[in-house]
Amino acid sequence: MQKKLLEYNVGEAVEAYAFIKSAQKGIATNGKPFLSIVFQDKSGEIEGKLWDVSDEDLKRYIPESIVSVVGEVQNYRGQKQMKIKGLRETSALDSVSADQFLKTAPIKRDEIQQELMHYLFAIKNANLQRVTHYLVKKYEAEYFSYPAAMRHHHEFVSGLSFHSLSMLRIADQLQQQYTELDADLLYAGIILHDLGKVIELSGPVATTYTITGNLLGHISIVSNEIAKAAAELQIDSEEIVVLQHIILSHHGKGEWGSPKPPLVMEAELIHLIDQMDASLNMLTKALAHTDPGTYSERIFGLDNRSFYNPKYNKEE
Amino acid sequence: MQKKLLEYNVGEAVEAYAFIKSAQKGIATNGKPFLSIVFQDKSGEIEGKLWDVSDEDLKRYIPESIVSVVGEVQNYRGQKQMKIKGLRETSALDSVSADQFLKTAPIKRDEIQQELMHYLFAIKNANLQRVTHYLVKKYEAEYFSYPAAMRHHHEFVSGLSFHSLSMLRIADQLQQQYTELDADLLYAGIILHDLGKVIELSGPVATTYTITGNLLGHISIVSNEIAKAAAELQIDSEEIVVLQHIILSHHGKGEWGSPKPPLVMEAELIHLIDQMDASLNMLTKALAHTDPGTYSERIFGLDNRSFYNPKYNKEE
Amino acid sequence: MQKKLLEYNVGEAVEAYAFIKSAQKGIATNGKPFLSIVFQDKSGEIEGKLWDVSDEDLKRYIPESIVSVVGEVQNYRGQKQMKIKGLRETSALDSVSADQFLKTAPIKRDEIQQELMHYLFAIKNANLQRVTHYLVKKYEAEYFSYPAAMRHHHEFVSGLSFHSLSMLRIADQLQQQYTELDADLLYAGIILHDLGKVIELSGPVATTYTITGNLLGHISIVSNEIAKAAAELQIDSEEIVVLQHIILSHHGKGEWGSPKPPLVMEAELIHLIDQMDASLNMLTKALAHTDPGTYSERIFGLDNRSFYNPKYNKEE
Amino acid sequence: MQKKLLEYNVGEAVEAYAFIKSAQKGIATNGKPFLSIVFQDKSGEIEGKLWDVSDEDLKRYIPESIVSVVGEVQNYRGQKQMKIKGLRETSALDSVSADQFLKTAPIKRDEIQQELMHYLFAIKNANLQRVTHYLVKKYEAEYFSYPAAMRHHHEFVSGLSFHSLSMLRIADQLQQQYTELDADLLYAGIILHDLGKVIELSGPVATTYTITGNLLGHISIVSNEIAKAAAELQIDSEEIVVLQHIILSHHGKGEWGSPKPPLVMEAELIHLIDQMDASLNMLTKALAHTDPGTYSERIFGLDNRSFYNPKYNKEE
Amino acid sequence: MQKKLLEYNVGEAVEAYAFIKSAQKGIATNGKPFLSIVFQDKSGEIEGKLWDVSDEDLKRYIPESIVSVVGEVQNYRGQKQMKIKGLRETSALDSVSADQFLKTAPIKRDEIQQELMHYLFAIKNANLQRVTHYLVKKYEAEYFSYPAAMRHHHEFVSGLSFHSLSMLRIADQLQQQYTELDADLLYAGIILHDLGKVIELSGPVATTYTITGNLLGHISIVSNEIAKAAAELQIDSEEIVVLQHIILSHHGKGEWGSPKPPLVMEAELIHLIDQMDASLNMLTKALAHTDPGTYSERIFGLDNRSFYNPKYNKEE
Amino acid sequence: MQKKLLEYNVGEAVEAYAFIKSAQKGIATNGKPFLSIVFQDKSGEIEGKLWDVSDEDLKRYIPESIVSVVGEVQNYRGQKQMKIKGLRETSALDSVSADQFLKTAPIKRDEIQQELMHYLFAIKNANLQRVTHYLVKKYEAEYFSYPAAMRHHHEFVSGLSFHSLSMLRIADQLQQQYTELDADLLYAGIILHDLGKVIELSGPVATTYTITGNLLGHISIVSNEIAKAAAELQIDSEEIVVLQHIILSHHGKGEWGSPKPPLVMEAELIHLIDQMDASLNMLTKALAHTDPGTYSERIFGLDNRSFYNPKYNKEE
């Protein structure tokens, strides 16, 4: 079976298929154009430069195309880099398809959907359940395929729904341990908290921000969607105001994008669970490629810290 | 003609009608209840304490009632205070009504409405005009009677619409001086920027925050209202997204309650005009009661600064 | 059965036994001394003022004594206050003892200890288990009786060990959901993270800061204790350095008292679990006395926010 | 007529005259020297690299010289860049002069001066007018030719006086709308607020900071100048202290370089007008080169934000 | 010999002469006026309240008068307070004069002046010495009698010059240890750094801020004075610019009132020496009244910290 | 005698021996590996690039080796850079040794040790002296050879002890000028304050952070060492707590790595002396290479400021 991109060690010769995540043209110091290509497969991403590119190259090696690359893995400032020796387009003869290369959630989309809908139907309050159900149905295709972010955390196919599901599982345990919590608010709030990303982001693959996303942000987008859904469903009750508040406050502070800080217990808790799940996702991803006894790359979403991977328990 | 509350000097005996803005019960150090009453008339507010109050007093002297007060103005830590010597309820015989005591905008509600609607109809873009018109009509009664805030700035009857009108006048001049500006966006954005206060605040008099206001904030409330209005009017166009962005960003920064910073020129400008009109309102109000050669009380909305009233140009 | 202090409504006459948590002398505006007494029982705390106190009163009504109080509950700035009408010392005849009045953890000390020791023995790494066991044993009496703080959160008898146990339960679930986590580090780190409070604080009742506590802080105290324990047990291995790091970093940031930010995955997670358990404890405590449809008192440990208690799901 | 530098599209061949704003030597990765040249004409600036330069080139292509350049416009990280194919010095035969290339204020220097002096003579207070007049006359040549800044805003010939004039026009309108304002203070304060730039900056072209400018700053420089002018004119009155205060406080806060925050109404307003005019200048400049439906380059003086140029009203 | 005010213990009866530093009228909760009087002698300050004051009392007990007080020292929230039992004005028969009560520098004014002038004459650079000498002579009377601040540090007669002298002594040692330092700049900068306080403050006793002081601040005042002195002395050289820079930057940062941060080595050092001498003065003053084994009152100028006075070396 | 590295001017041909401080591999834009080498001798450091390196080169030119370099000094963005023309390893025949190249403290290690021990023996309190002596002896070799930091300040052989000695000299003077200070605490605190660097850093040459150093930090390391030393010496007294507090608080604030702010006078002062000595070391180092009339490179440890080197007193 073919080796994955991040499984090659520094110095090793590479011959592999890869998905082009992005390809940016630059001008070399000798005045000639080159391409900075980010190759991707399920193991992760690696960057390489293709020098002296022709106009045909520029049209050929574009995002979302699949290529065959021959090269060598090198170390550049502590990060792996691809030294490209040969590059060619693939055709039907190569028998490759995009989904072989795209990172996806660790469980299947259907399973995510099934378990998440189970939590949705566990919401007892009729108004909360109806609004939540209405919006998940309205954006069903996107909700279960989009990533949770462009990069940083859960930046993979179905990342949005998988992130919501992980949070639901934590919330489930906590509402058993702390019985004062209102499970309805927790479940409805978690399911909807990042749903605005289906409008803020461009799609499941090679994701960018949309103009609407940039001008309004996913927080206000969900708030608007709840307002329209409640009007459509003719619901006008306190729980909808509280649900909107949970959405608006889930980033915790004004500096982090929330127009209101959490002022309801479940809002505060959803903010904390969101932070915890995102942190664990970023940490496990970074440490997966960090040898015991060394430090990870800097993690932007965690104040740019490098984390140490202890070796005491990993030596044989 | 009767002297107004803030026209009495320190040491002067007072005999006057007044509107009770608030009345809060406390327990004196001798264990007996007392009332902290804020008296109000068109000249402003003055606080006084009524000692050893009975249960009847507590029911009698409540917010929004009109009383006749006999007393003396004293100086307490640099602020005028009413020493209450006598207090009685008023009846029909006194021929007094609330509107004699409530501070209002410097021009009449009708004139405000007329001039503001003139700006509204000057919006050339049909979508912007329709959404703006729809919402001003939907909340017409409140929009032209509510204050712009509980205290701090434009905290008087019709303060909300008067503040919007003052901003429109500034914007009108600026779009003539800087011709790149889009007057449509400026006018629609200004007219709607604080409209959410008709839901965030309780009413034109003795104003407090509503629960919905506290949990969502006027910024998100307007955003929701625009979303519903556009759905109702079946408008789905870029200018509505930009208009929502203007509303969301008009506080300028996350720390100040905006989920997005201004990312459109007119959004940045509306933020600056809002700040300028609010500052001028707070300053002229504070300096109106500050003798030349002395400092004003501290102004909370301006970083708690005391402003100096120069005397060089005010001496005869 | 006797009504508890916080079960009396405003306006209701009180006749009750109470524990004096603190008693501070003041000088009234008439020049006479008075006492500000904080009464305590299992329902919580209420303050009252005793006017015109004699020298005998000052010696009689001191912290940790039990008294019989006759009075009335009043409302002072939104907080319940005791208007004292009569106060007397108690004697053997009253058949009261301190433990009737002191708030304790919701489960018994023995159960806390048993479950916590279960987690301790689940630590598989011998070095981590030995150091953790050594320190819990060294301070066993204090560890299972001290509160977790003077006020704010888990400020009750056995609060320290109950807080650690709550965190262990959350960690237990998380290490099942996120299998990359090292349960040994989580358990050892959580059990020891606040152990320094047994030196930082004065004791389980009427708790204050010790001078050593004030000058070093519980974080550095635990770090020193681990250093001495490891020297005593002749352990010199990486896991002890990582354990010390977890202790040093568990407040998350320099501004919050940690000399190092978390640089190991389990350190980051313990910081987040600590924050989550403390927040939930403060919130449930504050909301227990907040009527549906109203706001809680301001919670100092949560940026001084007032939380709203929704009413939609609490109406019959 | 010759096309201007920023009128060439990406990919287009260039043949043009240009003014060299700056030329900085570097060492290429092949060890050979090169020049980073910033070319300038009235349309703006574009950078290009000249490779393998000789010692003669280094002496020939220096700031403030005029050259003829042959090349091609390329796109480098979203910014236009000049690929230099040929470069030569110009001589008398080329019939070019510096003022053909330098960006200037949108209205002529004489008109600026005339309108600004009109405001100066509208100052009714004799002391304020005399000091203001004295200083404008003392630095007349520089005041009407210097830019208002090295870059960021009004960074062109006569930018300093044009910026002051724009602010005077805004102030003029505001003092009509808010009649409590003292027009004398506004006019004198605005005219002098940035006059220190004639000492802080090196000159109208290829501008840098002087050592005195760097060590004292234009704010303290004007303050000193007013002190000396008042001494010279034997004026010792409150209005001069207030005028100095306006200068010292016009950046609004200590963090922004003001040793005092505004403590006089007109000082606060001048700070706000300054911010407004600078912001509008930066925005219109950036958006002039931003296609509808896209984002501007990041604007350093506006918290590094990229602004969106709406397209709804720009499509035919 | 008469006991000093702060030498009386809590509970002790007082009979003493005292200087009235300030006397502020208030209204008691019974509606009657009272006076909050700050009594002062060389040992420090103590506050007391005089109840039910008559109009004569208000005219009699004013700042800078000397009184005879009979009373008792009480403890109020950890601070000593005077319970006034009797108060009378003094006359010639009492043989008391203000200087018996005013705290002064620990060494005599003449000695301060002599040692400080010695440092002034040690300045070798003629321009620096002439400007420094000119300004010390111009404000000689005030410079050697004013305090360095209203409160916080060196808030006593001759505090300004004593603070400068203490700094000169530290600088003297440092320039011997670090030979790269320019002693001329250090001495001239230190002597002038706070000279602006002679205009910023009202005088040596019962000190307040002047309006000029409030609007300009002592930093800009010295800068202006140097500008005028150099013009008068016809000096126009780099060292004067550097000297002005030292003055402008000696608070270290914009947030602390400096329009420029230190950009010259001696400027940075003077900032640090200033901070060190002010801190040591605040600390020794606060600890002088703090028993070993206890904490000082909070020190505003040191981030409101309470300092611990160790007891280990103070027990017999 | 051979010229030192930083004594060569820009443009001058270099032929010199040098110590390799660090050598980092990179990939050039042509895809070939190169080495960024930092050459070092007693005059300082200079960087150069060696192009097209072979595998042998990578093994040959490693940190701590001594080489002979032929090249030319060039200017790159205001910093000197070495253009390498030839490079070879040295052998016994070259008669060079590392200590010829390493920067050391300005006085000899023996003299540092002798003077520092003199201060240590001047500590009168037996407990403080014993703990301090115990730890200096325990780490004697490292304490007198390590630098005080990797870069920034006192980053040379014996820098740690020289920095401590400089601070002791300042403290000595201050305790004579301010007699309330406790010299014992000052001396013990200063001697131990940075001793943890012997564990935090890797060694005296080519210094990096150890894993223990990174996870615990030198502040907590010293705190642990004192705890263990006191246990070993069976000392349990207040002065040891105060000494630990001084160590913990010597960075002044949580943001700067101290888990406690200074709460004892000598702790505050040691923080200020540390800051002063570090600042003077950074400044004199940077200004040594800054021509009069120009600005130094930016100094990271001083908020990234560039300092001006005045010329008025340096011209002949």
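Should a chain be cited, it is by its letter among A, B, C, D, E and F, assigned in written order, with residues numbered from 1 in that chain.
As a convention for this text, contacts are C-beta pairs under 8 Å (C-beta built on N, C-alpha and C of every residue); 3 or more make two chains touch, one makes a residue touch a chain.
All values derive from a computational prediction rather than experimental measurement.
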Subject >> Both-way neighbours, i.e. chains that touch chain B and touch chain A >> reply: C, D
Subject >> Joint neighbours of chain F and chain B, given as chain labels >> reply: A, C, D, E
**OP:** Determine, using the mean of C-alpha atoms as each chain's centre, which chain is farthest from chain A.
**Re:** E
Subject >> Separation of mean Cα positions, chain C and chain A [Å, integer] >> reply: 39
Subject >> Whole-Å gap between the CA centroids of chain C and chain D >> reply: 60
**OP:** Could you give the separation in Å between the centres of chain B and chain C, each centre being the mean of its C-alpha atoms?
**Re:** 43
**OP:** Return the residues of chain E touching two or more other chains; collapse runs of consecutive numbers into ranges.
**Re:** 29-30, 211, 214-215, 238, 242, 263-264, 308
Original post:
Okay, what are all the chain pairs that touch?
Top reply: A-B, A-C, A-D, A-F, B-C, B-D, B-E, C-E, C-F, D-E, D-F, E-F
**OP:** Sort out for me which residues of chain C touch chain E in the complex.
**Re:** 25-27, 29-31, 33, 211, 214-215
Subject >> Partner chain F, residues of chain E touching it in the complex >> reply: 125, 166, 169-170, 173-174, 177-178, 180, 182, 184-185, 237-239, 242, 261-265, 268-269, 272-273, 275-276, 279-280, 283-284, 287-288, 302-303, 305-308, 310-313
**OP:** Flag every residue of chain E that touches chain D in the complex, lowest number first.
**Re:** 211-212, 214-217, 219-220, 223-225, 227-228, 231, 238, 241-242, 244-245, 248, 253-260, 263-264
**OP:** Please name which positions on chain A make contact with chain F in the complex.
**Re:** 28-30, 34, 49, 51, 74-77, 81, 83, 293, 308
